[in-house]
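Read through the structures below before going on.
What follows is subunit A paired twice: with subunit B in the first complex and subunit C in the second.
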Partner chain A sequence: MRLCAAAFIFAALGALPVLAAEIPAADRRSGYSFMSSDSKAMQDDDTANPGMLAVLEGETLWQTKQGDAGKACADCHGDAATSMKGVAARYPAFDAALGRPVDLEQRINICRRDHQQASPFPNESHELLALATYVAQQSRGQPITTGDDSALAPFIAKGRELFMQRQGQLNLACTNCHDDNWDKHLAGSAVTQGQPTGYPIYRLEWQAMGSLQRRIRGCMTGVRAQAFDFGSPEMVALELYLMSRAHGMPLETPAVRP
Partner chain B sequence: MAAIACCFLAAALPHVAVAQALASYSIAGDGIAESLTGQPGDAVRGRALVADRSSTCILCHAAPLPEVRFQGDLAPNLAGVGSRWSVPQLRLRLVDASKFKSDTIMPSYYRVDGLTRVGRNWQGKPILGAEQIEDIVAYLATLRD
Partner chain C sequence: MAALVNVPPKAKRGAVVEIKALMSHIMEPGYRRTAAGELIPRDIITSFTCRLNGAEIFRADLFPAISANPFMSFFTIATESGKFEFEWIGDNGFVANAAANITVE
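Presenting the complex of A and B:
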C-alpha cells in the first residue's frame, strides 16, 4: 500500500512540467543580434528596409477617410508621431469593455468598427499590417512596457503557461528552444530567444511583412502542433507573455528577420 | 495481394495513412532488445532517412553526412554514437527517450499517447514507423569511433 502511494507520487511528480530557467534580464538579446551583417544593414537603412514600404502605406491609410463614418485615423488621433508614440510598446493592452487583452491589430480593427464604421481588415492583410507597422514605427527605439497594467497579470500567466507547455507530435514547448537553447542552431539557423521586438516584421523567408501571430503559428506548425487561430485568446496570451518577457527592450519596428 | 496493395498505398500517401496500432515492445534496462519489426534494419536506408530533413534528426543533431549542408547543434553529434550506445539503447532512444530522461527535448519517435494539441495531419501517428526506426538504428550502429 505504501509502495503504491509512493509510486503514485512518483508518477505525479514525473508528470509535472520541468520549469526551464528563464533568461536573466541582462542576457536578453533581440533577434537582430543573431543576424548576418547584411540583414542588420538592411534593417538599419530606411532606404533598404522593405518594412519602410509598409510604413509609408500605413501613413497613407492613417490619413484616408474610411467606412460609413467617413473618418480617417488622423481625424481623431491627429499626428501619429505624437499620439502613437509609445503605444505599440505597451501592447497587447487590457480592454476594459471586453475584459481581456487585445493586440495592436485587434485594436485597429475595433477602432475601425466603432469609430469609422468600417469592416475589419482580414488577418495578415496588406492594409492591417501596414497600419500596424506605421503605428508601431512611432515607438521605434522606445522601451517595451507591456505588462505594467496589473489587470494583465492573469493573462500573462496564461501565456507563460502556454509557452512552457509541450505540444505537437514533436512534443516541444517554446521554452525548450527559446529559453534553454537560444544560443544553438536548428538546421544551421540561429534558434534565438524569441523576443518580439520588431513586429510587424519583414521576413526574408516570407518575402513579406507578417505579424507576431503568423510567426508563432510557424513555430507551432514546426513542432507539428495544431496552431492557435489568429486572434484567439490563447494567441493573444502568448503575444502578451512574449512582450512582457521583453519588457524594457527597445522596439525596432519595422525589423528585418531571416 | 490486398495486403501488399494496402502497404503500398500507405507508403505512397503517408499523410492520409490511417492511424495504426504501434508494435509492442518491452524495455529491459535502458534499452529495447528486440527489433520492432522482428527484422534487422537496413543501414543504407537509415542513412538516407537521417539525411532527410523531414525525419527531423538532422535539424538538431550533426552527423557525418558531408552532403548535408545545414545541420543542427542542439543535440549531441551523431558521429561515434554506435560506440557510445548499444543497439538496444539506440532503439529506446529513438522510440521514447523520455522513458529514461523525462525532461529530454528529444521527441519520442514511436509514441502517440500523452501528447498535446497534435496537428491534424499527425494525429494518431508516430513520427517514424517501426521499419524506419530499425533502419536508422542500423545506420547509427555503424557510426563507430
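Presenting the complex of A and C:
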C-alpha cells in the first residue's frame, strides 16, 4: 500500500470514531470478489496462475531428501493430497511443545529443523513460500477452521486487540479500513475486508509470491507504523485473528491479488 | 526452474488450438538499484521458441519491460500429431525446456 494513499484518506477516517463493527458472516467477502475480471481469470486458470509455479516448485521440494536426516517431507507425510488436506485451513495452530501458536511457515521450518535436521529456510525465501503454497493448495476449497482449538482463545483475543488498536503516524487501526470501510476505495485500490483466504499469494505488485505476514507488514508500513517482525508473536496473533475472522470461508491458495 | 505448459492433448485436424506457457523467472530489468544505490544487473529471458516436431511455429523476443514469470499464449492450427518443444533462453546462460504431446485426428 502506498504511503500517499493512506495519507489521502487520513482526513476522512481520522475524524471518525472507532466503530469496530465486525463483519457479519453473511457479508464476508474474499479479496477475490473485489478484483477485476482479468485478475480473477488469472487466478481461476491453473495454467495461467503464476502461483501454480510455486506449487510445482513446492512439490519438487516435498520429494527432495534434505538435511542430516536425509529425509524428504514425503518420506514421513506420504502423498500431500491426503496427508496435508485441510491442514492449512486450520493454521496457525497451537503447538503444545512451544505453548503458543505457530503459522504454517513456522510449522514447516520446525519439521526442517527437528525432523530433517536441516537449517530453517529464511522468511519469505523462495523455498519456504513454495512449500507453504504447495501444502496450502492441498486445502484449496476447504472451509477455514482456524480457532476451533480452545487453547488458541487467548492468542486470538490478543490478535483482535492488535487489529483494533490504532497505530502509526496516521493513527489508523486495521479495523478502520477492513471492518469500517471495506466497501470503499483507497486511491484506486479496493480497501477490501483484509481476508487471509489466499495465502501465500501471487501479488502482481510484488511480481512474486508472498506470505500473509508480508502483506500485513505492507499495511503497517502504509500507516507509517513500525511493522512487526516476521515470525514475531504479534504477527502470528494477527494472522490467527484474521484466519479465525474468516472462519468458514474457503481457502483459495494460490490466490492472485493486485 | 518450473515451467507450466498447456497444450490440448487431442485436436481435430485443421482446428485452431491455443497453447499456453508460463515460465518461472524474476525478469530483473537491470534498471533498479539496491537500497545502497548499486545497480542490480539485468537478468531476463531474451527469447522464447516453440517447435512442433522440430519445426519452429512461434518465436518471441523478450525485453526488460516484461513482467516476472512471463506468460505466453498463442494459437496454431493442428496439422499433425507430435511433440511441441518449448525453449526459453536468457541472461547468465539461462536455458529451460519443456515439452507436450498432441494427437491430431
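Here is the rule we go by: the second predicted complex is superposed on the first by the 239 of 258 C-alpha atoms of A that agree within 3 Å, B and C clash if a C-alpha of one lies under 4 Å from a C-alpha of the other, contacts with A are read in each partner's own complex, and residues count from 1 in each chain.
Criterion: a residue touches a chain if its C-beta (ideal position, glycine included) is under 8 Å from a C-beta of that chain, and two chains touch if they have at least 3 such contacts.
Since we're looking at a predicted model, the values are computed, not measured.
Engineer: Since both structures carry subunit A, what do subunit B and subunit C do when superposed there: clash or fit?
Structural biologist: Once subunit A is superposed (C-alpha atoms), there is room for both subunit B and subunit C without a clash.
Engineer: Would you sort A:G168 into first (subunit B), second (subunit C), both or neither based on which partner it touches?
Structural biologist: first
Engineer: Tell me the contact category for A:S189 with respect to subunit B and subunit C: first, second, both or neither.
Structural biologist: A:S189: touches subunit B, not subunit C.
Engineer: Can you tell me whether subunit B or subunit C touches more residues on subunit A?
Structural biologist: B
Engineer: Which partner does A:T82 reach: the first (subunit B), the second (subunit C), both, or neither?
Structural biologist: neither
Engineer: Go through the superposed model and pick first if A:S150 touches only subunit B, second if only subunit C, both, or neither.
Structural biologist: A:S150 sits against neither subunit B nor subunit C.
Engineer: Taking the superposition on A as described, I'd like to know which of subunit B and subunit C A:A48 touches: first, second, both or neither.
Structural biologist: Only subunit C; A:A48 stays clear of subunit B.
Engineer: Once the structures are superposed on A, label A:N176 by its partner contacts, choosing first (subunit B), second (subunit C), both or neither.
Structural biologist: After superposition on chain A, A:N176 lies in contact with subunit B alone.
Engineer: Using the touch definition from the top, say if A:T221 reaches subunit B (first), subunit C (second), both or neither.
Structural biologist: After superposition on chain A, A:T221 lies in contact with subunit B alone.
Engineer: Check the residue A:S37 against both partner chains and state whether it touches subunit B (first), subunit C (second), both, or neither.
Structural biologist: neither
Engineer: Nearest approach of subunit B to subunit C by C-alpha atoms in the superposition, in Å, rounded to an integer.
Structural biologist: Closest C-alpha pair between subunit B and subunit C: 15 Å.
Engineer: Which part of subunit B faces subunit A closely enough to touch in the complex?
Structural biologist: Against subunit A, subunit B makes touches at 53, 56, 58-60, 69-74, 98, 102-103, 105, 107-108, 115-122, 125, 127.
Engineer: For subunit A, which residues are in contact with subunit C within the complex?
Structural biologist: Those in contact with subunit C are residues 47-48, 50, 52-53, 56-57, 60, 204, 207-208.
Engineer: Spell out the part of subunit A that touches subunit B in their complex, as residue ranges.
Structural biologist: 14, 18, 165-172, 176-177, 180-181, 184-189, 191, 221, 224-227
Engineer: In their shared complex, at which residues does subunit C touch subunit A?
Structural biologist: Residues 2-6, 20, 22, 24, 26-27, 67-69, 71, 73.
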